[in-house]
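Same chain, two partners: chain A is paired with chain B first, then with chain C.
Right, the complex of A and B next:
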């Protein structure tokens, strides 16, 4: 049967916050837009964001975007690009108002304005007193935002391809992206979507780790597609472990708990964060708190029969605050830890949470790839959200900046795409289509072999053991070798189910290839970076090294090669924040 | 623990049948973990799931006769053998995967978006905490479909009756002090089926995994209609 083909002006892959906010910009125009998502849009992982979105609205106390910018640069451990950070922090304010106008049910202050809570790493006056900058809808902010964006897209009649899985980007000899080959999950039929511009908004890759706050769907599909199209991944060694996942399970307990006044204790009942971050204490930046928890446990001060976690105490906040501001985490605590957080502390331990790295873009969402000694825009390709790396988070993302990132840069990509849309489609590159089809057909191979589940488990365990919170040369070298072995084994994997209709085994096989590509990018980039910065913590190189390492890593699939590029330290309109020692 | 699971693959089966799996239960295991274990034993077993923590709404299934979200259902709570079937009343695509398009159509039909006629202010539209509280118990819906597919009125008239989910959403916007389309929303519901096919059977309330109350929301809509008519 001939391959079915459809033509659109723009193709957006992924229907989380970034994809939907890009789509809304396009829906307001005559452009023909397709949004492809492997799940029904409101199942996207934006739905799980809890605490809130940062914007210097100054609803609770004095604030301005410049302070927010300082906190973000410092939080990034000076690896974030300051032009992009300035842009994001300025745009935050109109972005949140726009969300509110679109219907997001934000919690409110007595004067009717949007409620803002304190969050980690947020200060007034360039490192002074704690700020309250994180706009919240109770502890369900991501859910409230994602549903609202979907609703506004329904209103605008955006064209959705729900439950279509993107297999690969299609590119021509000049490196221009022409669209993507996708698979309709229900029928099992491939479809070629041609587009003048393609936006990758596929989210993160937390499924690379065994214990994660991320959903089953967070398999780095867009990142891996970019790699296969010859685009590098930037700063992949920087992977955030959220300090408070439910111990042993990984489900997220929002930083908002500590924002509302909760705190961590060890088995002696000590508020140990006072030792690690005398000023910010429990609201120090996430990398600092995660390291502190792991250190407490390693040094024998962990809680529980196995001493393998710490406690997050919030019962002192009282029923009213908990049911008003933190109802979702009370529910999660009850279901997954069997604990009523209004009465007892929650057992917590760091959980793999967020990729600071991703597909390199500029602040318009345009994807960049190295050419010669410089870099150039990849024609027809955009990326936004967690799959992208602008870079606004550098070595460590601050809580509340990820919803902000997806909204600001999803929108920026949509707007830029409209402005620069080519007048016609480039000719299709049939060789590239064949290559994408081969990726799909590879899974038709029959016979005995490894199962997807077996290899996936071995891979995720390897990542957890070798690319976790603390990383040494020895442990990572071993990890990269093991990952290479596992990658070899991919060719031995066989599906037993070759049916067409809603074949989730086939989807999981395609996802496994993607997530393993991301895992290798993380491990190789981590092994090479010989310093400690942000979340990348090397006991064998305990200091940050701005002379040699204040630069972005670029990992290329071809030969697992690494390249580097400088950090953009010059903001758009204000003075540079030069690197300083980072204390909280 | 014994799980009896509904199987159907249209490529090879003419109708659904039940198959038994034995799953080793661990402490704290959720039904979703058990379903993933079954998939490990037989990869051709298909079901939707994603977040694993009850917020994405993907993994609604019928367990021992009741619609529930697998990821927040502890297996320890379930009577053995555990019978797992797809949502009732929806066309089965494969195994536990059903076609939810009618459910989504009803959601879209209530125009689930905020309508504002006044010019937008430069900052946020103000809303008092008391007005915002009116949205609690409404906006948290995750579109899992447990309620509507447990509703006999929705089984009989899925094309005409909005069903509990869509009506909860309709009330979510009617209850929002910022929304300015009250008249239009109520007019749209003023016909025999969309709203009035609810016979307060209250299956929806019983099964909602988020503890929401669509029947009450439907009552509020009827009350508002009455108030407007007087």
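Right, the complex of A and C next:
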């Protein structure tokens, strides 16, 4: 049967906040816009972002985008590009107002202005008093934004391909992106979507780790598609871990538990954080607490029959305080760990939470790839949101800046897309289409072999053990070797179900390929960065090294090669913030 | 399509509907489909399918924050999921 084909002016892959905010920018034009999403759009991972979005509106106290910029540069451990950070912090203000005008129900102050709450890492006057900069829509900010953008896109007649899975980008000999091959999950039929410009907005890749707070959909699909199209991934070694995920399951247990007086203990009942952070103890920063937990487990002081976690004790707080101040904690403990937190300690272990790295872009969302000694824009390709790396988070992301990133750069990509709308479609590259089809048809091979689930679990466990919180040369060298072996085994995997209609086993196999591509990028980049910066912590190189390592890593799939490019330290209009020790 | 195949497709479709924006919901809903749904009564199955049509924040309130759905038809399935293998 001939391959079905559709033509649009713009193709957006991913229907979270970044993708939908890119699509809505084209609403006032005659452009034909397609949005492809593997799940129903309002079930994207943006709904899990409940904290809010930072913008220096100064509604509660004096504020300034320049102060926000300082906090973000410092938070990034000086790896963020200062031109992009300036752009984001300036654009935060019109972006939030645009969302408000589109109907996002932000919480209000008595005077009718948007309510803003204080959040960690946000200061006034370049590191002074706490700022109140985070705009929220009650405790469901992500969902409110997503729902509003979805409704606005429906009104603008954006064409949604719901429950379609993107297989690969289509690329011609000159490197221009011509659209993508996608698969309708319901029928199992492939569809070629041709577009003048394509935006990758597929979110993060937390599922590369065994223990993650990310939803099942976060399998790094866009990042892996970019890699297969010859585009590098940037700064993938920077992955944020939250110290207290439910052991073996990954769900977050909020820092609020320790804020209310909960504390961590090892198998001997010792409050071990007193040894690692004598002053801050259990309230030390996320990376310090995460490393302490992993050290306890590695040195044989872990809890449980396998000694593979520690305990978070909060039963001494009493039922009333737990119910009133920590809603949902008892339920989460009961459902996911089989423990009543008001009576027993919760088993916890660090959980992979957020990818700072991703597809390299400029501040207009245009994807960049190395050419010779420099880099060039990949014609027709954009990326925005967690799958992209502008880079505004550098080595570490601040709370309230992830929603901001997806909204500002989704919007920027959408606005830049406008210039393509009057151009013509480039001729289709049939060889590239055949290549994408071959990748899909590979899963039709029959016979005995490894299962997707087996290989996925082996890979994810290896990522956790060898590329997680604890990173030494020895551990990571062994890990990269093992991950390569596991990647080789991918060719031995066979599906037992070869039906077409709703064959989710095939989708899970395609997702596994994506997870493995992202995982390799993380592990190889981490092994090679010989310093400690932001969330990348190397006990064998404990200091930040600005002389040799103030540069971005670029990982290429071909031969697991690494390249580097300088950090952009020059902002757009203000003075550079020079690197300083990051102390809070 | 033979009946067994039809049932298998129906389960696959439901499993995909259980893919949500939050890990907690993924795990609770998926565990129910994998363990209890195939042997559940027609009424219980229908209630579960109705539940899947709700937005993630609603499901979060009911399944993780101990709130009751206003719709009485959904209360039994919510209780089952809270106490279930989500487990």
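By definition in this document, the second predicted complex is superposed on the first by the 475 of 584 C-alpha atoms of A that agree within 3 Å, B and C clash if a C-alpha of one lies under 4 Å from a C-alpha of the other, contacts with A are read in each partner's own complex, and residues count from 1 in each chain.
Keep this in mind: a contact is a pair of C-beta atoms (placed from the backbone, for glycine too) under 8 Å apart; a residue touches a chain by one contact, two chains touch by 3 or more.
Every value quoted in this text rests on a predicted model; they were computed, and no experiment measured them.
Trainee: Is this a clash or a fit when chain B and chain C both end up on chain A?
Mentor: clash
Trainee: Should A:109 be classified as contacting the first partner (chain B), the second (chain C), both, or neither?
Mentor: first
Trainee: After lining up the shared chain so the two structures overlap, which partner does A:249 touch, if you call chain B first and chain C second: first, second, both or neither?
Mentor: Both partners, chain B and chain C.
Trainee: If you stack the two complexes on chain A, which partner ends up touching A:495: first (chain B), second (chain C), both, or neither?
Mentor: first
Trainee: Just chain B (first), just chain C (second), both, or neither: which does A:152 touch?
Mentor: first
Trainee: Among the partners chain B and chain C, which is in contact with a greater number of residues of chain A?
Mentor: Higher number of touched chain A residues: B.
Trainee: Once the shared chain is lined up, is A:503 touching chain B (first), chain C (second), both, or neither of them?
Mentor: Both partners, chain B and chain C.
Trainee: After lining up the shared chain so the two structures overlap, which partner does A:451 touch, if you call chain B first and chain C second: first, second, both or neither?
Mentor: After superposing on A, A:451 lies in contact with chain B but is clear of chain C.
Trainee: Regarding the shared-chain residue A:100, is it in contact with chain B (first), chain C (second), both, or neither?
Mentor: It touches chain B, and chain C stays clear.
Trainee: Would you check which partner chain A:42 touches, where first means chain B only, second means chain C only, and both and neither mean what they say?
Mentor: The answer is both, since A:42 touches chain B and chain C.
Trainee: For chain B, sort through 3-11, 111-119 or 129-137 and name the stretch that clashes with chain C after the overlay.
Mentor: 3-11
Trainee: Where on chain A do the contacts from chain B and from chain C line up?
Mentor: Touching chain B and chain C on chain A: residues 39, 42-45, 47-48, 140, 143, 147, 186, 215-217, 249, 251, 328, 331-332, 335-336, 499, 501-504.
Trainee: Hey, which residues of chain B end up touching chain A in the complex?
Mentor: 9-12, 28, 39-40, 43-44, 46-58, 72, 74, 93-95, 97, 100, 104, 108, 111-114, 116, 120, 122-129, 131-132, 135, 139-140, 142-143, 176, 178
Trainee: Hey, which residues of chain A end up touching chain C in the complex?
Mentor: 38-39, 42-48, 140, 142-143, 147, 163, 185-186, 212-217, 249-251, 327-328, 331-332, 335-336, 499, 501-504
Trainee: Can you list the residues on chain A that touch chain B in the complex?
Mentor: Residues of chain A touching chain B: 39-40, 42-45, 47-48, 57, 96-97, 100-103, 105-114, 137, 140, 143-144, 147-148, 151-152, 154-155, 186, 215-217, 248-249, 251-252, 328, 331-332, 335-336, 338, 451-453, 495-497, 499-505, 508.
Trainee: What does chain C use to touch chain A in their complex?
Mentor: Interface residues on chain C, with respect to chain A: 1, 5, 9, 12-13, 15-16, 19-28, 30, 55-57, 63-66, 82, 86-87.
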